[in-house]
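The two complexes that follow have chain A in common; it is paired with chain B in the first and with chain C in the second.
The block that comes next holds the complex of A and B.
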């Protein structure tokens, strides 16, 4: 059963050094607030998981939180590269970053298997590529019915899954809507989960493409209005495009990044 | 560069720029696709897809580049009018709908070889890359499950004897796969700043389909580190019609976003 908690308390309780952690979200509903709290609490040796890591993962990698990244796309959306991510992979700064790279469909399949309690997912999409030469979490498998060779990918079951949603009800159920990614699979497959929400309501309204996560799938619900900033929460906030553009020069320069990091840790800016 | 002196198409304004010739070449890649999801990525391909639908490929399904399928002709960078939204197609469902061959992606290629193998993930040794790029993204999956074309604005830098990692497989690698795995694979076009390429040869290797106005066959060949297949006579790429130039300049891209890939040349 979920329980309401402050974000600092939830991160302290559920995110430990060495954990596998996913802060999921796609285009909107990206819990920057949780990522920043993980940086503030100085977590180390995390394996970070996300289909489309963006600026918040760049910040966590630059802050030295991560030893490994599981991903399929890593960029500053609409702007360019994640330079802290690149610096870690290319130059080992501030520490080497191991990568476990998949395609979008491959990671979606890993999430789906994890959420379903299955040991692996299967897909045709890796055929012909050289991804299996580089990524250890891909293995050939023959279809037992047709003999066709396909790719098997192991389930993702992170220690902690973190998402942002629009609403929780008073019983701690959660609802999100708008462009949805793999938030549902992330929560269902993770051993522990934290959801930051915009607001608490008495009851949910039915919505097209709405995703409801029952309270028994969630450990902590944290009320953090604006917690997705600079991404947005559909029907609650607009995307702060200037933030993403402004991140580029900070990300490109280690000293500028360290200045940003100091300010963020002190709560001056996020 | 302009098409001055090319003079190959009747009624074509002499002022068509290289950017507009490339947009039309990419739009041509969609010709005949009909009612499938056209999924161009990046300004030049997106503008090309919108041009194709606004002119000769009206059944093409296009998005706002985020999650809505939209009707009408959406200007680059504009949000769709709610009345123009045909359906909502979030990331989590798109593969279910389009991996039956009913999609044509146009994307970039940091490296591409003569068989059409494409790399967008990393340059150099994969474990210690010289450049860690944005990642494999959708290429492993997309490329064998529907048609793909590539927009390569710097041919000499991107054409490679062999790619460092294969994100999107080409014809030689796909030939070895069993039928269900390769039934939808088609690398239709590669458009660069110099010309248009396809794989319409018996060996399925890259062929120079046309050179852009003002570019010689030798220039195109010199910017490829492998041997290009050549037709006996290499045509000149089609220049935009007046109607297409009007659509590009006044409707789809009045702000000139299509010029960004040509900063060093225009």
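The block that comes next holds the complex of A and C.
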């Protein structure tokens, strides 16, 4: 059963050094608030998982939280590179970053297998690409019925899955809608889960593409209005495109980044 | 670069890419120039083209161009919004997409795409964003249209990493790998249009944009570029194409 908790308390209770952690969200419903709290608490040696590591992962990597990144596209959407991510991969700053790299189709299949409790997922993918040569978590497999060669990818089962959602009810069930990405798979695959929400309501209304995650699939629910900013929560906020653009010069420069990091740790800015 | 009558090379590239999308085609759209081109096409000759964004938005009809693949304007205007695993499994691998629009950091003469690294994989000189949806888009869509800016560092003799397979080593390589889609049929740059030779699959210059000579294109290409004997000149952007594109871009 989920328990309402403050975000700092939930992160302290559920995210440990060395854990595999996914702060998911496909542009939408990304819990920046939780990522920032992980930085404030100084977590180290994390294996970070995300299909589209964007600015919050750039921040966590630059802050030295991560040892490894499992991902399928690492950029600042609509802007360009993630320069903290690049600095870690290209120069080992602030520490080297091991990578486990996939395509979206492959990583989505890893999430689905994780949620299903299967050891691996299977897809028609990676044929003829260099990814198949470099990524150890891609293996050829023959279909037992037709002999067709397909790609197998191992299930993702992080220690902690963290998402943002629009609402919780008073029993701690969670509802999200709009672009749902792999939010459901992230929570169902992970051993523990934290959901930050915009608000608490007495009861949910039916929504287009609404996803309900029952209380008993979640460990902690934290009420953090605006916790997805600069990402967004459909029907609550707009994506703050200016923030993503403004991140670029900060991300490019180690000193500018460290100044940002100091301010964020002190709670001056997020 | 601005031409005498007021359009830029990037606008020419976007307009040429838009013209490559047939009406009623189901199109998998990446962000940036592909998204501009697909939305321009929908307002011009292809009102019934179906735009699919990998964030799970099927049949999106944005009024202004989204700045990310998952902007609210996409889900608000879509016929259906579904989860990301479904988009890649049921729709892309399920063989339901006619045209995939892809960008690229680098391509080689067989239209293989690199968006992963410049230099060695373990210690790259430049780490690029990586694959995203492209490898399976390139493999599974009926046809692929690639857009990129022309230059000797982007159209190169050999790419450092095959993120997405074009025509592999050429010839029947895709058939041997049993890939379902036909692969890249058109590469549109800011200088012209390249298409694979029907037999060898080597990219051949088939059209130059207005004001560009074949020799200019060859000079900006990192391999010995073949030029079609019946080389066309791309019709310049019409006033309507330009005004609609500029309105979209706000």
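The rule is short, and it goes like this: the second predicted complex is superposed on the first by the 270 of 270 C-alpha atoms of A that agree within 3 Å, B and C clash if a C-alpha of one lies under 4 Å from a C-alpha of the other, contacts with A are read in each partner's own complex, and residues count from 1 in each chain.
FYI, a contact is a pair of C-beta atoms (placed from the backbone, for glycine too) under 8 Å apart; a residue touches a chain by one contact, two chains touch by 3 or more.
Predicted model only: the values in this text are computed from it and were never measured.
Of the two partner chains placed by superposition, chain B and chain C are both touched by A:86.
By the touch criterion defined above, A:232 lies against chain C but remains apart from chain B after alignment on the C-alpha atoms of chain A. When the two complexes are superposed, the chain touching more residues of chain A, out of chain B and chain C, is C.
Of the two partner chains, chain C is the only one touched by A:77; chain B is not.
After overlaying the two complexes on the shared chain, residue contacts for A:247 are found with neither chain B nor chain C. Looking at the shared chain after the overlay, A:104 reaches both chain B and chain C.
In the overlay built on the shared chain, the residue A:57 is in contact with neither chain B nor chain C. Legend: residue contacts after superposition of the two complexes on their common chain; A:146 is shown touching chain B, with no touch to chain C.
When the two complexes are superposed on chain A, the residues of chain A that touch both chain B and chain C are 26-27, 71-75, 81, 85-86, 89-90, 101-105, 108, 123-131, 134, 148-149, 179-182, 208-209. Listing the residues of chain B that touch chain A in their complex gives 66-67, 88, 90-92, 95, 99, 121, 126-145, 165-169, 173-174, 176-178, 180-182, 185. Those residues of chain A lying in contact with chain C across their complex are 26-28, 51-52, 71-75, 77-78, 81-82, 85-86, 89-90, 101-105, 108-109, 111-112, 123-131, 134, 148-149, 178-182, 184-185, 208-209, 232, 234, 238-239, 241, 244. Of all residues in chain C, those touching chain A in their complex are 31-32, 54-57, 67-72, 74-75, 80-85, 87-89, 92-93, 116, 121, 123-136, 139-140, 161-165, 168, 173-174, 177-180. The touching residues of chain A, when paired with chain B in their complex, are 26-27, 71-75, 81, 85-86, 89-90, 101-106, 108, 123-131, 133-134, 146, 148-149, 179-182, 208-209.
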